Amino acid sequence: MDYSITKFLWTLLGLFIVTNWGMLMSSTIRRIGARVSGRIGIPWYQPWVDLTKLYSLKSQVSHGTMFYLGPVFRLMGGVGLFLFLPMIFGSWHWSNYSFSGDLVLILYFQLFGMLGMALGAGEGGHPYSTIGVSRGLAQFTTIEVPMTLAVISIAIQYHTLSISQIVAAQQGGFFTWTVWTNPFATGAAMLSLLGAFGHSPFNLIQAPNEIPIGPPTEYHGVFLGFLRTNNAILHVAEAALFMNLFFGGATNWIELIVKTFLIYFWSVFVGMVFPRFRIEQSVRWFLKIPTLLGILAIVIFL
Amino acid sequence: MVTPIYIVAVILGLAFLLGILKSSMTRLGSILMIGGLVFITFVSGQWLYEFLVNHRATDIIYTAGFLPPYAINLQMGLNEAILTTMINIVGLLGGIYLLDSLKKTGINSMAIFIVFVMSLNVIVMTRDIFNLFVFLEISSIATGGLILLDNKRKAFQAGMKYIIATGIISNFLLIGIIFSYYFASSLNIDGLIAANLMSIKGGAIALFTIYVSIILELKPFPANGWGIDVYTASNPGISALISAGSATAALFVAYKLMPMGGSFWLPYFAIIGAITFIGSNLMGTRQENPNRLLGYSSIGQVGLILMIIGLSPYLGKDTLLIGFSILISHYAAKAGLFWLSGIIKSKNIQGWSALRKHPYLLFLFGTFIFALIGFPPFPSFFGKWNLIMALAAHGQYAWMTAILAGSFTEAIYLFKWLGYSIKLEVPEDITIKFEWNKYLPIYLMGILLYFMGMYLAPFTEGGVYINFLPLAFVFLLFALDFLPVYVKNTLSIAGIIWYMVRLFPLLEHDLMREIFAGIFLGGAVLTLVAGYAKKGKRPGFYPMALLMFSGLVGLIEANTLLEFFFSWELMTAGSYFLIIRGKRSMPHGYSYMLFSIGGAYAILFGLALAYASGLNISLAALGHITQLTTLAYTLLAVGFMTKTASLGLHIWLPGAHGEAESDVSPMVSAILLKAGVFGLMLLFFYMGTGTPGSEKLLYVLGWVGALTALSGNLGAVFQEDAKRLLAYSSIGQLGYILFSITMMTQLGWLAGFTYTINHFMFKAILFLVIGGIVVKLGTHNMYEMGGMIKKMPYSFVAVLISIIVIGGIPPLSGFAGKWLLYNAVIQKGWYFQGVVVFFAGVIAFLYLFKLIHSVFLGQLKDNHRNMKEISAWILIPSYILIIGIMVFSAFPQWVLKPIGNMLTVYFPKSLYWQGTRAFTSLGYWDGTTTMIVVVTAFTLLLGWLVIASKKVKRIGQFNIVYAAERPYRPETTHVSYNIYAGYKKALGFLVTPVVETFWENVSDMVLDFSGWLRRIYSGNMQNYALHVVLFIVVFYLIALGGL
Amino acid sequence: MGYIIIITGFLLVLIGLWGILSQKNLIKIILGFTIFDTGINVVMVSIGYVKGKTAPILDIISAKDALKSVVDPVPQALVLTSIVIGLGVSALMLVYAIKLHHDKKSLDINNFKDLKW
Amino acid sequence: MEKENKPQDIPVVKTKNFIAPENEKRTVTAPDGSLIEVDPINDYFCQERPEEYKVKSGAVEKFLNWARAESLWVLGFGTGCGSIEIPPLVTPRFDMYRYGVQMRPTPRQSNVFIISGYLSVKTLKRAIRSYEQMPSPKYVIGLGSCTINGGMYWDSYNTINRLDHYLPVDVYIAGCMPRPEALLAGFAKLKELIKAGKAEKANEYIRNLDWYKANQKKIIKDWNMPDYNW
Amino acid sequence: MQQIIQDIESRFTITDKETRRNDLCFLTVDKLQAISLVTYLRDYQGYASLTLLTAVDWIEEGNFQLTYLLNNPSTRTEIGVRTMIDRENATMESTHHLWENIQTYQRELKEMFGIDFPGSPRIDEDFILEGWDNIPPYRRDFDTKKYSEETYFPRPGRETNDPSTYMKSKLYPND
């Protein structure tokens, strides 16, 4: 419970690093994707350029208060996830405000941003926004099932819900990572991660070809800039969460960067291979193999 | 002292006098008749006074001066005094009621009438069986004569059937009497008892004949077609007299003759009584004619009392009290109902909605119905309570089941009837005109019921503790019902606050009770504040709301099983009336009532088992159930779960809560449901984990809770009706609570308490606000709303905060529940249940988004443009609750710490506090810090946005990018209807209404069965005669077949 | 002798019952009732009967041997009452039969089934 | 061939006021029974005129202009046959992403509007609507000769001849049809203009709004929308 | 095919007959018989599919020629039914009860030629031209060039060349 200004500044620095890393990661991933299809792809600095442009647009419109607040909620979701997550194991500087709560807090804080986005998009009054939100929420419900199973499984495994302690329990070598000690939970969680990142085949929420971009249809300018900032932070934070839970955490930024990159790449990799699911397909899919893996992950501890 | 012989003498004299009067002198005749009736009422009343006040000894009156057997003797004891008074009162009131008809048919009918009343008196008093026979015959001849009063085809037929049947029966009685005399050489009952006929060879047959005749006089099922026809066809005044008077007398005969045969016959009495009770009530379920329905009900009640007589060995000295309690309820209620039916003159029970224009008569009607079912504070409640307790003490579970089953079937049709009369359109062709002589008897009977209820309460063990104070307040408000709404509202709130101030010191720091008292009474005040928004008088609302709240507060105060059950039933009654006030809520109120009564009977059974285990009436007896322990706890849990609407028992809730009025929904949802939670918590407290079988029970209930949460939430997702959505959400939330507390750990219970408090707050807000909006917009359908955020920003904020709490999103208090539950689940090892519950928690998001989006966001509809914010009276309580939520969210330790400490007495401590930080062996959470972090970060980000987006233009409703087109209408642009179609495709199979179908099938089966069964009443009088004969034969073969 | 009377009485009872249960004509049913009544009265009298004793009427015999020479007086008294009551019942039944006939011009019992279920 | 060309004799087939049925005034009943008059055009749409934004100068603005130039988000709206030339841009052969050009599905998130080929009156209406919904600064590229002078449809009764009378055009790409390379060259030109601070046509549109509107309304008789689509 | 035509000739008054290919022929009938003929073809001869409905403006004769082109999917043959309607009062019975898709053609003809099909659904709605208030543009008396010049701000400096002379002058400037 450290409310000192030093802590605040360190956290801000961490946030800065994470945001930039998130943007770099996304451009890198897109470049990799381009190379796979034989293109050169965007310049590595493209996300910053886009963001700068979005923040410097000259005209903005708003549909109402909630529309205005929606991006704030959304960004708060990402920032909050970062704030409540210890980034670097054993480091006071990079543990952020993780003393506020444990894994459960983080799991539920994800909803904060989703809710804000949903409401903001809703006030936009655009039908596609609502359709996108309804799809997103529907998919999210079943994404959570394998995730919950996996979380419970590792809580049983490590007798704790505290992320720092979970990471601490994985220290001691490559083979003490959860991915080896509890492969089923890892499998379930990594499959549910696919849905959480929303790449193909689970990108029906934004589905640009059908419901132009989904929830953020009406968002532009600074609002969209907020959403993009959030994406950068959220991707790193979620990957860092998975890193902490399953891949031994990180003791320094390099390790964090490598691991989060690989975790994020996993979802992109899958996305490059598979076409898009319809919503009922994805809802059902998460209740099949991932859930089964999750159940196995618990059964082995019974 | 006037000896009772004058009853006979004066009436006979009067009858002869009336006979010689000229037929035109009806005025004198009626004065004489009433005078005679007043006189005999006075005589019996005077005796009653003597017995009650002066404790006079039983008196025997010898008619001819000889001792029996040489002369007939009459006995006048306490019982006789009570019964003759009852008979004479109903005779007198009936005489007043029938005055017009009697005047019309002439003086002779008046003579018959008083002779009839007199004969019933003698039947009660006489100790000579031949005399008994004679007066039975006189009474049935008189009845036959009185039936002729109504010059109607149906009355003739019914009378004929009656005479044929009673003729056969009395002839058999005569045979029995002859043989008894032959074997015992005595016609005196005492002499016959002394002779012990059962020991004499052949005496058993004589006794059998007597008994079977007496039983047949009571119209046992199924040999009672003739009796029902009489009830149906004769003048309601006569039916009232038959039902209240003849049945009373005949029952006393059965009681009087009982010692003759000893214990051999009692089981048969009980069996026949039980069959009659259940059978004729079952018949009633398909009945639409009110008089016939009352006939079935009368016969059922008589069957019940016959059963009580038969069960007297188990009941011991309480037999008379129990029998009397039920008899007096039946007596007053049935007389009142028959008289009412004479006023309304409707061919079917739907026509009784004519009562709606006459609130006092409607109130009386409700009184009679509730008295018949056995609701407090009526005598039958205490009767049934004592009956069940005594039976349980002797382990007579089958009889208990039979009684409760019969009572339940009775409730089926009585509440259908009540519901019709409250809710159906007032028929145009039925007019009720005021006639004092018809109103007065009904009023008196109603008052008698309340009086007797209060009078009999102390006779029951633990009854002296019952707190009638809240009930008195209810009556006060009923009396003040003519006042405008704000006066009554203020009065109610003031009363509740006063009671709260009075109550809290009495709770002696019992935290659980304090919390629930806070929810019940605090919630009451808050929801009543919203009532200021209503205009007009809201007739009947305040008494009923307060009745419910007095029931709820009674639950808190209860120290004994009786008080608890008493309050439970009061609460049920009050909430029934509240629920049924909604526009379309008749079927829902009905199913609510049936489930409630079913649940209440399960609770009663359980409480009886608790009582039987130590003959201890205190609530602590729940902790020491030794009789059928698991069954008892299961029944209690199921009973409470009907109130919390757990899976399988939930089908009443969506309709009942969804269709209720806008400020009733929060009462029943946010507050009333907590009564079930309170019951469950109390039960689990006392049950503990050590009791045999409790582990399994808890495990099953845990799964039930988890699945309830899932199905409730899933059900809500696919709702289009805003209030039903909230109702389904309540089912889900109550599922969480059930699940949490079945874990029986400190964390689980803490989660349970957190959910309870949260649910109270957010559901009250949601139902208040959404209810207000629904009223304002004039529709329940969410897809017809939209865009309300611009018109009702305060409502939006209230709803937003509530849904954040429901979703369990940090930093608000909903997360406390989720965090505790996570820890509890992992600690307890209920992983899969936990996953189901958490899955349900995420599903909650779907309906929450649907709710807030469809109502507040999206497109504003054209016809809602001029909407204003909902009434401040609704917003004020909502915002008070929001402050509560905020405080709970920022400082959860203020609430959770004391609860945790309280729970450490019962469960091992597993939640620790370190300042604002809570931690368990698994994880930690700091509500205050979370709040600070989130609020700070949010403010910073908002500030950033404000700076970064310098100038933002507010644009119009249709200024959306619409693929370069423009929207057509708001209605077609607002996405709300069936927005989770894809989800339905994937998981819709989970919401197939299995439970509804199951209960529908059950009810269809019952109704089909009763429809099939009632074909025995073919209407042919010869068949009825055959039934009587067959009854005798079958009874003989069963009872004495071996002899 | 006594048994014969009793058996006769019971036979009458059974005939009466048979009449009540099998005849379709109301008048015949009422007749059945009277036969039933009669049978019961016969049974009653026979029960009080003691061989060789006379009726308990004090005019015929002296009061002092009354106890020795008369039959049990109670059944006799009962029979009288019973006959009176039977008469009343029969009268009432006939009244009803008249009313019913008035209503439907029929005495067939199957025609009076307006009330059922 | 004898022509009897008497237009005045021919009955005018269409005699209507061109107000779409959904835009006609109507009355609805509020839940409390009162009547509400709905005037769709005025009620549903923002009626205000747009304002010009300030064009700043200086190093910061230069940087921002560079960012705007390097991040061209193209609205995916193909009007004519030129729209078939745009998809190849995302293929490995042309790969517009490397120039910071991306496609966006909604006008709210786009800066560049490519009018790809001939523009019928009906499509023009949609194009105006989309253009006005784009946030400033925004740029228009006229693709193909049809947008310049009508091209082969120059004498058509239903196709506009000059795009710049209706929307402010930053860059024309001549040709019928220009190949994707030409489009890339057009992007490059646009970037040049933006970086030089010369691509402020959005302001020009607002400044000359009345003129544009007059031109637009001259041919779009079935206007049925507010003057400016926010 | 020939059989069918003979069969039709025996039933209807065919004023003109033109066989283009083995599987395509055009029959001209009177306006009054046209609907019954297409109905007959649809119901009895298997020409169930409407390929198109189109019109030609014979301004010199003061007529519009309507052509219903019907297709028989089983024999893969097509018959076009032509009928002349008066230009001044251009009205034709609607056949949307035979083919739902003909509504669209009829709307188009209404808009482009001004031929009315009373009763056809949405016939009065705009089809392609939104807000057209001139002579229907496909009528030959509508001068599209003039209209375009008046309406669409022609860019000055446009030259129009005859392609053959222009190409010749470009390729062989010396000739």
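By letter and in written order, the chains are A, B, C, D and E; residue numbering begins at 1 in each of them.
Definition applied: a residue touches a chain if its C-beta (ideal position, glycine included) is under 8 Å from a C-beta of that chain, and two chains touch if they have at least 3 such contacts.
As the structure is a computational prediction, the values presented were derived from the model and not from experiment.
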item	value
Shortest contact path, subunit B to subunit E, counted in steps	2
Chain at maximum distance from subunit C, centres defined as averaged CA atoms	D
Chain pair with the higher count of C-beta pairs in contact (B-D, D-E)	D-E
By mean Cα position, the chain sitting nearest the middle	B
Separation of subunit B from subunit C, taking each centre as the mean of its C-alpha atoms, in whole Å	50
Chain centre separation in whole Å, for subunit D relative to subunit C (CA means)	112
Distance between chain centroids, defined by C-alpha means - subunit A, subunit D (Å)	37
Approximate Å spacing (C-alpha centroids) for the pair subunit A, subunit C	99
Overlap residues in subunit E, where contacts from two or more other chains coincide	none
Set of subunit A residues in contact with two or more other chains	59-61, 212, 217-218, 221
Per-residue multi-chain contacts in subunit B, two or more chains	953-955, 957-959, 961
Interchain contacts, given as pairs of chains that touch	A-B, A-D, B-C, B-D, D-E
Subunit B residues within the subunit D interface of the complex	776-779, 862-867, 953-959, 961, 964-970
Partner subunit C, residues of subunit B touching it in the complex	69, 130, 134, 137-138, 141, 144-145, 148, 153-154, 156-160, 163-164, 167-168, 170-171, 174-175, 177-179, 181-182, 187, 225, 229, 232-233, 286-287, 1014-1015, 1017-1022, 1025-1026, 1029
Residues of subunit D that touch subunit E when the two form their complex	1-3, 5-7, 10-14, 16, 18, 120-122, 125, 148-150, 154-162, 165, 215, 218-223
Complex contacts: residues of subunit D adjacent to subunit A	50, 53, 63-64, 67-68, 70-71, 73, 91-92, 95, 97-98, 100, 102, 104-106, 108-109, 111, 135-137, 202, 230
Footprint of subunit A on subunit B - complex, ascending	787, 789-790, 793, 796, 800, 803-804, 807-810, 815, 818-819, 822-823, 825-826, 831-832, 834-835, 838-839, 842-843, 845-846, 849-850, 852-853, 856-859, 915-917, 921-926, 929-930, 932-934, 937-938, 941-942, 945, 948-949, 951-955, 957-963, 973-976, 979-980, 982-983, 985-987
